[in-house]
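Okay, here's the structure, questions in a sec.
Chain IDs A, B, C and D follow the sequence of writing; residue 1 opens each chain.
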Amino acid sequence: MRAVVATLLLAILALAGCQREERDTRPQSARGSGEQPTPVTTLEPGGQRPPGSDNKAASFEANAFHMSEGKRLFGWFNCSGCHANGGGGMGPALMDEKWIYGSSMESIHSTIRDGRPNGMPRFGDKIPDDQIWELAAFVRSLGGNAPSSAAPQRNDDMMAHPSENRMPDAATLGKSP
Amino acid sequence: MSSADLASERAPATERQASAEGDLAPEHDGPRDTGMDDAMLHGWLARTWGTAPGIVGALSSVDHKVIARRYLITAFVFLCLGGLNAVAMRIQLSGPQRGLIGPDLYNQLFTMHGVTMMFLFAVPIVQATGIYLVPLMVGSRNIAFPRLNAFSYWVYLSGGVFAWISFLLNMAPDVGWFAYVPLSGPEFAPGKRADVWAQMITYTEVSSLAVAVATIVTVLKQRAPGMSLDKIPLYVWALLVTSFVVVFAMPAVMIASTFLILDRLVGTHIFNPAEGGDALLFQHLFWFFGHPEVYIIFLPATGMVSAIIPVFARRPVFGHLGLVLSLIAVGFLSFGLWVHHMFATGLPRLGASFFTASSMMIAIPNGVQIFCWLATFWDGRPVIRTPLLFVFGFFVIFVIGGLTGVMLASVPLDLQVHDTYFVVAHFHYVLIGGSVFPLLGAAYFWFPKISGRMLSERLGRWHFWLAFIGFNAAFFPMHLVGLWGMPRRVYTYPAELGWGNINLFISAGAILFFLSFVLFAFNLVHGALKGAPAGDNPWDAGTLEWATSSPPPSYNFARIPVVTHVEPLWAEREALPVATGLRVDVRELLISTVAEAHPDIREKSAAPSIWPLLAAVAVGGTFLFSIFTPWAIVWGAAPVAITLTGWFWPKGAPEDEE
Amino acid sequence: MKRLLPMAFAAAGTVFLQGCAGWQSALDPKGPAASELAWLIWFFAGLCAVVWVLVMIALAAPLMMRARAQAQPLAVDAGADDRKLRVVMIAVGLTTAILVGLTLLSFFADRTLAAIGSDAVLTVRVTGHQWWWEVRYEDATPSRILTTANEIHIPSGEPVRLLLTSNDVIHSFWIPSLAGKLDLIPGHMNVLDIKADKPGVYRGQCAEFCGAQHANMGTFIIAEPRAKFDAWWNDQLQPAAAPTADEAKAGEELFLRRPCVMCHRIGGTPAGGTVAPDLTHIASRQTLAAGTLTMSRGNLAAWIADPQGIKPGSNMPVVELSGDELNAVVAYLEGLK
Amino acid sequence: MNQRPAVDLSGLPTFGHGPRSPTWWGTLGFMALEGMGFALAAGAYLYLTTLWPTWRLSAPVPDHWPGTIVTLLLIVSLVPNHFLARSAKQCRMVPVRAGMVVMSLLGLAPLAVRWFEFPALNIYWDTNAYGSMLWVLLGLHTTHLITDVGDTIVLTVLMFTRHGCSGRRFGDVGDNAFYWDFVVLTWIPIYLLIYWVPRLG
């Protein structure tokens, strides 16, 4: 009885736990480090890049630590200057269900790294690759595309919008394209 | 005291008339123990009170001794795990700039060390000792609310397992056992680590609150006839006071951890200064519990000291009343000095000085206790056996801890040593010296009663000296390194600060201390298997637990003893006066009046049941999933309600029906 | 086995001497506050030692007795107990007296400490960050307000007022050889007055657990004669020296083009990041990474190349630079005296 | 060791009411610790109010009517509760059954109104600390309300079964009534904190 409960508990936590709680701060160049040649044109059909860095994307997209780091950098790098806490301003809103270039980690990553037409600058040189992945993971969580058990919680400052871990799950609302 | 005034006449009279006019089922009756010969009596009681065979029987047991044994073993396992944490940390700190353990793991290690030692070892083990001994010492057949007692164990177990599984999954809390916000708050503690802390607290507090209530009621209502307040053994007094402190202190930390998890999970702003909250609120709540917590751990230990000393000093303890009063005084004062943990937060000067005074004041009742114990020895050379050795160790170490505590009470002085290794040294002197050494003494003292066999005296002495020397080698130098500026909770330190050698020395001592527990574990196993038979009363002690066989039968006493002296067995050497007239075919025990312990009611004690375990599973599952979603509380309500109903619904056993 | 104990204290004693000379020791006071406190510590410790010895004597006495404890435990000599009661009463009385004395003592010590900063000449705002210290020198004229990091220069012999706050988690500012510690709490402002009697470098570190790199959050108080201090302030107010050597020029260009610029500020360049230490005069500091490394070309390179190896979990990211690029950046930073 | 009979217990009753019964003391114990929880939550609320010049932090005042109705209902329920306790003490089955039914209903009624209290607070828990504390206090008391009503209903059913007519059950009924008094009593200060303290600042 007790053993059953214990093992059950273990199983549940193991599934949810390990990936969510990992905290490696060194760049993982070993896994495909997203080092792709800068494209000639920044226009991309559907915004889908050829895979190759997906295992890296996977290691970031559901990881609580990386997402909260992304949230910190989102503030530090003043992304809100254009995207106003994800609500949108000069730049598009990140909290709604409209993803011009798709909601996949890869496309958000390349959006930040290479920039996009109509004003999104390219940060490829200015932000280390891992931090771009962290930002991408956080941006996805803004739209409710991250597991709520890993998505960032509220900050200790004025509340702009409900914290990311309380976003309605995009999948259930058919947000993601 | 004559038996005339013990058999109270008035109570039944009114009651019969009440039941006469009320619509009651006719009184059932069954065989009584009056005039029954011992063999037959044993047969009846063993059948009535015994734990059913088989795994289900074992899981359904409500025998306080069975539950207590499980508690003790589990708590000892957690002690070893917490000790291993400490050893790992000491290896990392044994030299400057060691690279064995990174900060991420180290922070989990010291958090788990603190959490395990405080919530999974110290509090449970002192309460467990109480669960085992209090019903025996007050001469009752079982603890009050035995099913609640069983439930508390299962909740405690699930909480501990939960915390340690998280540790294995690299998601153990890494914010310190105090988990200050904002570090443990929503912004700076990503993932579920801090939530694990918050919910683990809830588990363990639920269980210790349940035990506290059961203990209080056992002491107040289930004392043997004649055990008036002035005849209650000091150990029982200590447990009573402790339980009251638990009842009033533990809710504070539950509130704190609930606020924390609300902030993290549903985005409340209780600790968010930008939206009207405040970070210091958490510290106030935490330490309002945190300081009494120290006395929750320490007071039962003083009870053990008060139980061991008279036996080896061969006289009743000196100043019984003074000791009781100082116990109560400490219990009260412990709520008046939580702020001395917060002097460095820059509180108003005057307020701080007030808490200096109150913190100094609590040293007075503790002093009274020390002096009374010392005075007890002055009649002649005491009989030196291992339990007494550990009590001496307690004096040597705890007095140092108490005195450095006086240093910490001073605001300005505290500002230099607060959060340094000086404080680490101080509270290990207080908690290990003040609680673990008495506990070890108690282990040697009561092991014969629990197991029926003696522990090896020779190994015991080796164990004592190993522990004593290891402890002092590990913790005394910490005072110095703290004054030289080494803060707590650092995973490494620069070489040029010159803390290397002394830390190496400390680590060596720590490992020595850990080895002493390995030796102890061996002694326990060896004693349980090969120890010399103990007999009922190997130390010729005076309190009631020694009046029954070792180990005690499931029903504790064939007949309920009648108490005529604070050390009944010393007062009644030829024949122990007993009370007769209880039924033997159902679990009937004696309820007595609060102050005078007049016999009042023959009440049924709850029969074994599997439902407490099921309820614990339901509650535990609810807590577990509530770290992922608040809705878990809603879903969890159903199974919890069902299991609790199943628990209380009568199943036709006479204990439920009559 | 019991022989171990003396050894323990002997060993402790030897390191003790070395400890006292430490530059981060409460027992090696270099300012009025710390001296007051060191005296207080010694006094309390001495008194406690005396009390402890007395208790131990009272405990050991019965062990020396020839008379065995009686076999009949209830045969207690009432007269003896009355005498004991008197002794215990006296002991309790003495305890109370001592405690009252100590309470008053610490109360007055507190008053003395409070008096130190009454005539502070300089106000410095210290803000805690994970895991470094932002230091801002307040001044009436905005142009003289100065922001630096981790190292606090003060004029020796003059009281300085520190305003302590934090903008992430709780930290605690502690320079053992100058004063007791005080917490930096988000949403609160604490005031700590310090004074260094003689010029010198006094080390301290964060004393409230603040996360992964709590262990490597050091800070320094650098006390200098007034003239030297004023000169330092004026130097620090200057914008960064423009690089002359080609390598350094390349370094500056890299600094502004690569991630460095996102977080760090360098006065007189477009680099205006405020979330990480100000590097305008980094080369004039004695240490790197909040007291973790001493300032040197090698350490600069090491820190930039592998910050996560030196301070795992810190917010300084790993930036992929080639060897030449690394050298260039280091050369540039080295020039920022 | 040898024994000599000294006291005869055979004449004692098999159950007692109120302070004579351990269950009553257990209930008291749990009241003590839950009351402590309430007190600390209220303390935290008051602590925060003192930190800010204007408490309520520019939030709209809560609409007190639902709360006031709950308060009145609870106070009214004390009367039948008292009678129930008395007939339980006298072990009279019919009035006890009736009383239990009444108390179940009088427990459900405030619970129903309680549903409208949350929107009446005019603020969400995640707007600011003031809103958080309001929701916490209200939620804390609601959990007690729910548990006690559930307990009452189960006990009511029990009293209509064959298990009903035993002294123990009547004792349980008495303790249940005792606990209801506690639930009502704790509500009064919380009601004032939630609806009237914000009107001061």
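Here, a residue touches a chain if its C-beta (ideal position, glycine included) is under 8 Å from a C-beta of that chain, and two chains touch if they have at least 3 such contacts.
All of these numbers come straight from a predicted model, not from anything done at the bench.
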item: Chain pair, A-C or B-D, that carries the greater number of C-beta contacts; value: B-D
item: Centre distance in Å when chain A and chain C are each reduced to the mean of their C-alpha atoms; value: 38
item: Approximate Å spacing (C-alpha centroids) for the pair chain C, chain D; value: 51
item: Inter-chain centre distance, chain B versus chain D - centres from mean C-alpha coordinates, in Å; value: 29
item: Distance from the mean Cα position of chain C to that of chain B, given in whole angstrom; value: 37
item: Residue numbers of chain B (touch at least two other chains); value: 104, 182, 187, 266-267, 269, 272-275, 278
item: Chain A, residues touching no fewer than two other chains; value: 23, 154, 156, 159, 162, 166
item: Shared interface positions of chain C, touching two or more other chains; value: 186, 312-313
item: Interchain contacts, given as pairs of chains that touch; value: A-B, A-C, A-D, B-C, B-D
item: Contact set on chain B toward chain A in their complex; value: 55, 59, 104, 157-158, 161-162, 165-166, 169-171, 182, 185-187, 190-193, 263-267, 269, 271-275, 613, 617, 620, 624, 628-629
item: Parts of chain A lying in touch with chain C, wherever the complex brings them together; value: 23, 25-27, 29, 72, 76-77, 125-131, 156
item: Chain A - residues contacting chain B, complex; value: 1-2, 5-6, 9-10, 13-14, 16-18, 20-23, 64-65, 67-68, 148-150, 152-159, 162-163, 165-166
item: Contacting residues of chain C [partner chain A, same complex]; value: 186, 257-259, 261-263, 275, 308-309, 312-315, 317-320
item: Sites on chain D touched by chain B in the complex; value: 1-16, 19-22, 25-26, 29-30, 32-34, 36-37, 40-41, 44, 47-48, 51-52, 57, 89-94, 125-133, 135-136, 150, 154, 158, 163, 165-168, 170
